[in-house]
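Listed next: structures, encoded as structure tokens.
Below, chain A partners chain B and then partners chain C, in two separate complexes.
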Partner chain A sequence: MSAALDLITRVRGVRGAMLVSAEDGLVIAEQLMEGIKGPAVAALAASLAGKLRRAMGAAGTGTSVFWHLQAEQGALLVVPGGGGNSEGGILVVAVAEPDVNIGLVRLELLRAAAAVI
Partner chain B sequence: MRLVLVLTPAGQVLAQSGFSRAVDVMSAAALAAAIVASTAELARQLKQPPFAALSHQGPKHGFFLATFVTERGTLAVLAVYDLDVSSLGLVQLFYEQLAAELKAASPKGAVQKQVLAADFERELTDSLNTLFGR
Partner chain C sequence: MSDDIRALSAQLAQDPQSLVFLRLGEALRRKGQLDAALRVAVNGLERHPHLADAHDLYARVLTDKRDYERAFDEWDMAVRIAPNHTGALKGLAFLYFKVGDLTQAESHLEAARKVEPDDPSIDQAIAMMRKGSAPPAPSATVDSPTVASSTVASSTVASSALDETRVFAGLEGANEGLLLIDGAGRVLGGALKDGGGTDVTDAVAAYLAGVSQEAARTAKLLGLGAWNGLSAEGQQGNVHLAHPTPDALLLVVRERGMPLGRLSILAQRATAMARRWLEQHG
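Our next item is the complex of A and B:
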């Protein structure tokens, strides 16, 4: 698990990566810089993943495979493990700088999800 | 969040949210206090510090019970939540905020007032009247 997170945190601009239990919102493994509140990010990301899953199910678009929230001072990037079915699975989460290479982080998140699940 | 109680380890309720009837509060507080007492005794027999929190999940609802120490003694928080709309991580997150705020708000260095028999009798009568709806 640590090796999977290493691949993500090596990307320039990534401030931390976590594996989160989608059902409980608890941290399974983390590599975070100082100042990032891991348990808070994990709990809120899992809550958001659950709501997104229901919204996408209602919209008939199927389950999500990647989501990216851009904020003024950073970004949150998430790949739900288990083929996009976040229910009862693992979320691979990255916290990044606003100008991070999104495509590269997405690639590493997908690799990490494949490696740990 | 469906139900939340803040109580003393003896079962005395300090704050409540989500309960519709007084008897529900009394029962929940008494049961929560019993769990706190039994887990504390279990920890003592195992020569461990008291357990910080207890989580129990059913098919639809989760149950979270935790204790923390303030300047005026130990307090317990009981929370019952829907698994559909919340999670253990979220409950723990907000519990930690609540515990930190209650610790900060707790009077510091104050001498505890002696409990008088007259106060006890009046408070007991009030509690019984509330319990039986009189």
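Our next item is the complex of A and C:
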């Protein structure tokens, strides 16, 4: 698991990576820079993933295979494991700077998800 | 098979990890052997997924095959990996021109000119575009049939003009893939249909307020500042959520084939239209 997170945190601009239980929002594994509160990231990412899953289900787009939240001072990027079904699965999560290369982080998140799930 | 292609194929067979696939793929493309070029590009990408030149090669082959959607995706990825990749910048400019977005087309050519100020082909492309002709596709072969007519481009631009009575009038998918709601979840404009054609506008609107509140809470508690967009790739479609004003939410939904980068561009346009409409009707 640590090796999988390594791949993500090596991308420039990534401040931390985690594996999170989608069901209860608890941390499974983490590699975070100082100042990032792992339990808060895990809980919030899982909660947002659940609401997004329901909205996407209603829209007929199926469950998400990757999503990212863009904000003024950073971004949260998530790949729900288990074929996109985040309910009861694992979320691979990255916290990044606002100017991070989203495409690269996405690739590494997908690779990490394939490796650990 | 020509000698150069034979030699390059032999080199690649000896060392499958080498970057000679770039030259082989381009040679095949120039010879018009597009299916073979495509196979070489895809195999190369599988071995070098983070190589911008590999995405660029794949995009050029796709452009020659007139698969512009996927070509856009690949050039978009090349620029994400290497922001100064002039081949990809010129490719994106060409595709933006084809869909009538002259501002983005010129912006990408200007970005390419900053990287390679001595490249006369970039100045030529900008001049051609300003006259209403399509800039050439990057490294296009003589017989590459990839020139868009200025008439098509102009009409696309004209059709995007804002209609006073409808929020997204003129925008692609205005009645089935765009939705504007207020803070209470009331639908202000647009509509959504699922893959089966069923209207899901109200059902989705009911969920969006919750997603927005959770996005705002997440960004705030993680010290990321205000959130300005949420993009998601789904198994059957992609979505982008934005807020044109603090009290309104905009959702754009498109089929899975539309890359997130392009969806984001479409969302920006829709956001600007929604903002104008809200200012006029708010």
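Keep in mind that, in the parts below, the second predicted complex is superposed on the first by the 117 of 117 C-alpha atoms of A that agree within 3 Å, B and C clash if a C-alpha of one lies under 4 Å from a C-alpha of the other, contacts with A are read in each partner's own complex, and residues count from 1 in each chain.
Everything that follows uses one rule, which is that a contact is a pair of C-beta atoms (placed from the backbone, for glycine too) under 8 Å apart; a residue touches a chain by one contact, two chains touch by 3 or more.
Because the structure is predicted, anything quoted here is derived from the model rather than measured.
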item	value
Fit or clash - chain C, chain B, common chain A	fit
Which of chain B and chain C A:G25 touches, first, second, both or neither	first
Which of chain B and chain C A:P39 touches, first, second, both or neither	first
Touching partner for A:G16 - first (chain B), second (chain C), both, neither	neither
Partner chain(s) touched by A:L69 [first = chain B, second = chain C, both, neither]	second
Spatial angle chain C-chain A-chain B, Cα centroids [nearest 10 degrees]	140
Contacts of A:G89 with chain B and chain C, given as first, second, both or neither	neither
Chain B or chain C, by number of chain A residues touched	C
Partner chain in contact with A:G81 - chain B first, chain C second, else both or neither	neither
Touching partner for A:S47 - first (chain B), second (chain C), both, neither	both
Least C-alpha distance (whole Å) that remains between chain C and chain B when both complexes are overlaid	11
Doubly contacted residues of chain A, that is, touched by chain B and again by chain C	40, 44, 47
Complex contact set, residues of chain C against chain A	49-50, 76-77, 80-81, 192-196, 198, 200, 203-204, 206-208, 210-211, 214-215, 217-219, 221-239, 251, 253, 256, 260
Of all residues in chain A, those that touch chain C in their complex	36-37, 40-41, 44-45, 47-48, 51-52, 54-56, 58-76, 84, 95, 101-104, 107
Interface residues, chain B side, partner chain A - complex	86-90, 92-93
Complex contacts: residues of chain A adjacent to chain B	20-21, 23-27, 39-40, 42-44, 46-47, 50
